[in-house]
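Take this structure first; my questions come after.
Letters A, B and C name the chains as they come in the text, with residue numbers starting at 1 for each one.
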Amino acid sequence: MKKRNMSIGFAVPAFVIYTILLVVPILMAFYFSLNKWNGFNPMQFIGIENYINVFKDARLGNAVVNTTVISVVVVIAVNVLGLFLAMLVNTASAKSNIFRTVFFIPFVLSTVAISFVWKSILSYNGVLNGILISLGQSDLIGNWLGKQGPAIICIILVEIWRTLGYHMMLYLAALQTVPHELYEACTVDGGNRWNKFRNVTLPLIIPGMSVSFLMSIINELRMYDVVKIMTDGGPGYDTETIVYNIVSQGFSNSMVGYSSAISVVLFLAIGAISIFIVTMMNKKEVEM
Amino acid sequence: MKGKNRVVSIIQTIFLIVLALIVVLPIYIAVSNTFKLSDIILDQPLSLPIPPTIQNIVSVLKSPNTNMIEMYKNSIILMVAGTLLTVVVSSMAAYYLARIKSKLSGFLRIYFLIGIMVPYVIVYLPLCILLRNLSIPFGVPILIFVFVSGNISFATFMYTNYIHSLPIELEEAAEIDGASKFQVFWQILFPLLRPCTTTIAIFVGLGIWNDFQTPLLLGQVKTITVGIYTAVGPYSANWGVVFAYVFFAAMPVIVVYLLAQKNFVNGLTAGALKG
Amino acid sequence: MKKRRALIALALSVCVIASSLMGCGKKADTGSTSDSGKTKITFGVFETDNITSEVWQNMIDSFQKDHPDIEVEKVLATGDDRQAFWKTMLSSGSFPDVVIEAEQLATMDGIFTEVPQDVQDLFEDSTLCQYNGKCITVPSFKQYKMQCYYNKSVFSELNLQEPTTWDEFMNVCQTIKDAGKTPLMCGGTGDIWATGEPFWIAEGDTALLAKYPDFNKDLKDGSNKWNNDTTIDVLSKWQDMINKGYYYDGAMSLSYSQAAEEFQKGTAAMMVDGSWAAAGFDAEKNEDFGVFAVPTMDGSKLTVADCSYWGVSETCENKDAAFQFIKYVFDENPDVYKEYLQSDGLYSTTKNAVTYEQGAVTTKFIDNIKDSETVQEIVKLPGENAAPSGMQSFMDKSFQNIFNGADVKTEVEGWDTEYQRLLDAQ
């Protein structure tokens, strides 16, 4: 019994670092969110007023819409395409290996570097328009980053480009846990490709799928870097995301209380979505 | 039947090749244009840089606002120290979480897991204020711990699941031989965790190297990402120089990735499902 | 054993929470003596194409040479939103001891320390300002804002004269447009100010101040609003110009330096910009470009000039050294001040006026406004009636919305809401 109790010491360093630098700031954010505070002058307790304002804030509403549009499209695209790609490269050949390597490259690069590259490509006087001009297609030239619609599409494409390889890898890992015998059994039973996929692959990769979905949702809801560098939330507020909004309310406008309230709501939303996905996937797993 | 499979396989390969080209194209544009003069970049963005010029690279190195050595140094220290510390504290915590069945360990498991869902933006302002009130100056040392705190959730979760999957008999045998828990962990268990450690090290290390928001918002620590973001500003009209900066940020990662590509991929396949 | 450790950890974290919450609102101090035992001060600056790092380095080097006991470390503001940068530094406790461009930050209480009388005495009285009855910033320079630069060859090719009335200005734009060229250039997402601010300062500020000379005060005490006929009129006319295609198509995806470069390459014939652009042309002895004062819509003769201010942080440990530095730059060594002013086409604010030889474009720039009355930019007015910080970037974003077709009336209503919201919050 004594030896068993000793083990708590193992968790203490992690507990202390985690608590002080992550949990305490989160609790502080909860506390700030109930106050009116610019970070310097004395705090003023105002109860849930900040939260009421969160739901009345048109600029934030716009950021929520942008984030939702980006998230939904990217999450669906990377998961569907990711699974599809994973199935294509799920062979032990050198060819597959090269494809895996290539598809994964964007994910290992920093978003800062990537965003600058894409910005240089998509700018009005950038590479893409340069190519269009040299092809003699001047009327196809677009103001890709200077108008809301194209700018959001560009951001979505960059996000897909950036994370697709990662999700392919997640699915690949999941696919490799599927025992080969099961496919053979299915073939013996006369199953075609679709049967194999529906009855063997899909049920067995549900855990991997839930990880992949969760990761992509959390990633997109936290989106900041690409927007910050490619469009800086602009033009106007057209490509502003929730996190961008929180940062500018908190840091640029010195509304510590208000920006904390938004981030608390975001935190709770991500928590709720995560729990929802995990329970839903668990249920599916049992059903199948 | 065989012929049909062949056609399918060819279509698949073509599809993959096209997609691979799309993935690689921006990287090619960045790398090849690094070695071209800015005025020809827009006219011939896709051409090979022949003859190559190092003018862009030189102007980056000469720029008075860009201290490449300091930027690399900060990033490397953060990455190495942050990753090591994360691996050590998380694997130890996971040992406790995986091997002890008690209310406390159950609680801690959920406690650590919450961090995975945290949108990190919630933390920046309070953390700034916390450190200000504790009189801790911003800089590389505290940032190491900040990165560790942000990665503990993920790493602990991965390790806990991994340790779960390992048989306990080895540890029990060692304990019967009189080894302390500490020895058991470091000498018996930790080496067995290697695949998981590789995965975690790659993800945490890469995450720290590439992180932009944290060093930007927590005291503007000049890492490679923040440094480049800062430096590009005045040169935004000169794509050649922008590409040269990107080149400096991305090259080390691409090289390491291509060299240790098996580790990246294997590490990922070993642990991702459990992450 | 188990419980005890857990308790210790718990107690520890409770302590941290308590101390952090109780300490909120207080400021921590950071040590500031360098390793060599010298007194050290940090100096927060930003750099542009004109005010390069050499300008700052020369300033710092010559100060350190004459005051070997003090070491000055440069902190460079990054990103496009410098105010946001300073606030980040403020939140993180690493705010520099001396900061340039302090006027907006000064609206928040307790950031800057009071300026000693002997330092105040160095500056022209008209440029000094007070916040809550205290002088906490020193005026570093005066800068004339926003005239219209034009490409001389385009003007002569199309036989155009510098316009002197609003209608002539519109005619010039239309003629250039009809000739198949782009009349105007501006910046976009990379530097949010570069979209609407130049035009707004040239037309909006002047129109509002011509009609309501105390606009800032009226705004603060609630007797006037942003949302008035003048604002709407100016912005509607601006949107009209945009709709007519007077502005460069891709402007919204350009940063300021990209836009300026495109303008110099001849992509557009005109660009509204500040006096720093004149200094830039002069530094390169570039005489291909001329400049005229943007004719006001109501014909009033007003021109906008802003003072910029430096401040010494309240948390600075070596305030004496910091003020010594300020005295040095603005008084002891006129060469330093001169180089600073000349680099960006600025004007001195000290009692002992410092002048420098002006190039052709700068001379023309000043000549254009010799009959005009100078007023202060509304959002940059220092002192008691200053606009809350954050208002400027809000307006900049709003200009971009208007540029992309947003309804002017709705946008301007937003200005009042935001003004009030920021005022309440700060």
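The working rule: a contact is a pair of C-beta atoms (placed from the backbone, for glycine too) under 8 Å apart; a residue touches a chain by one contact, two chains touch by 3 or more.
None of these values were measured; they are calculated from a predicted model.
If each chain is drawn as a node and touching chains are joined, the picture has every node linked to every other.
Annotation: A-C is the more contact-rich of the chain pairs A-C and B-C, by number of C-beta pairs in contact.
Computed centre separation for the pair chain A/chain B is 15 angstrom, with centres defined by C-alpha atoms.
Look at where the CA atoms of chain B average out and do the same for chain C: the two points lie 38 Å apart. Along chain C, residues 2, 6, 16, 20, 24, 27, 80, 88, 91, 190, 258 each make contact with two or more other chains.
Touching two or more other chains at once are residues 104, 125-126, 129-130, 217, 229 of chain B.
Within chain A, residues 6, 8, 15, 20, 23-24, 28, 39, 125, 251, 256 each touch two or more of the remaining chains. Residues 2, 6, 16, 19-20, 23-24, 26-30, 47-49, 52-54, 57, 76, 78-80, 85, 88-89, 91-94, 190, 255, 257-258, 260-261 of chain C are the ones touching chain B in the complex.
For chain C in complex with chain A, the residues that touch the partner chain are 1-2, 5-6, 9, 12-13, 16-17, 20-21, 24-25, 27, 80-81, 83-84, 87-88, 90-91, 108-111, 188-190, 192, 195, 249-254, 258, 262, 389-390, 393, 397-398, 400-401, 403-404, 406, 422, 424-426. Across the interface of their complex, chain C is touched by residues 64-65, 104, 125-126, 128-135, 137-138, 216-220, 226, 229-230, 233-237 of chain B.
If you check the complex, the residues on chain A that touch chain B are 3-4, 6-8, 10-11, 13-15, 17-18, 20-26, 28-29, 32, 39, 85, 88-89, 95, 99-106, 108-114, 116-118, 120-121, 125-127, 130-131, 134, 161, 164-165, 169-170, 172-174, 176-177, 207-208, 211, 218, 221-222, 224-225, 228-229, 243, 246-247, 250-251, 256, 259-260, 263-264, 266-267, 270-271, 274.
Chain contact summary for the complex, chain A toward chain C: residues 5-6, 8-9, 12, 15-16, 19-20, 23-24, 27-28, 31, 36-43, 122-125, 129, 143-148, 231-238, 248, 251-258.
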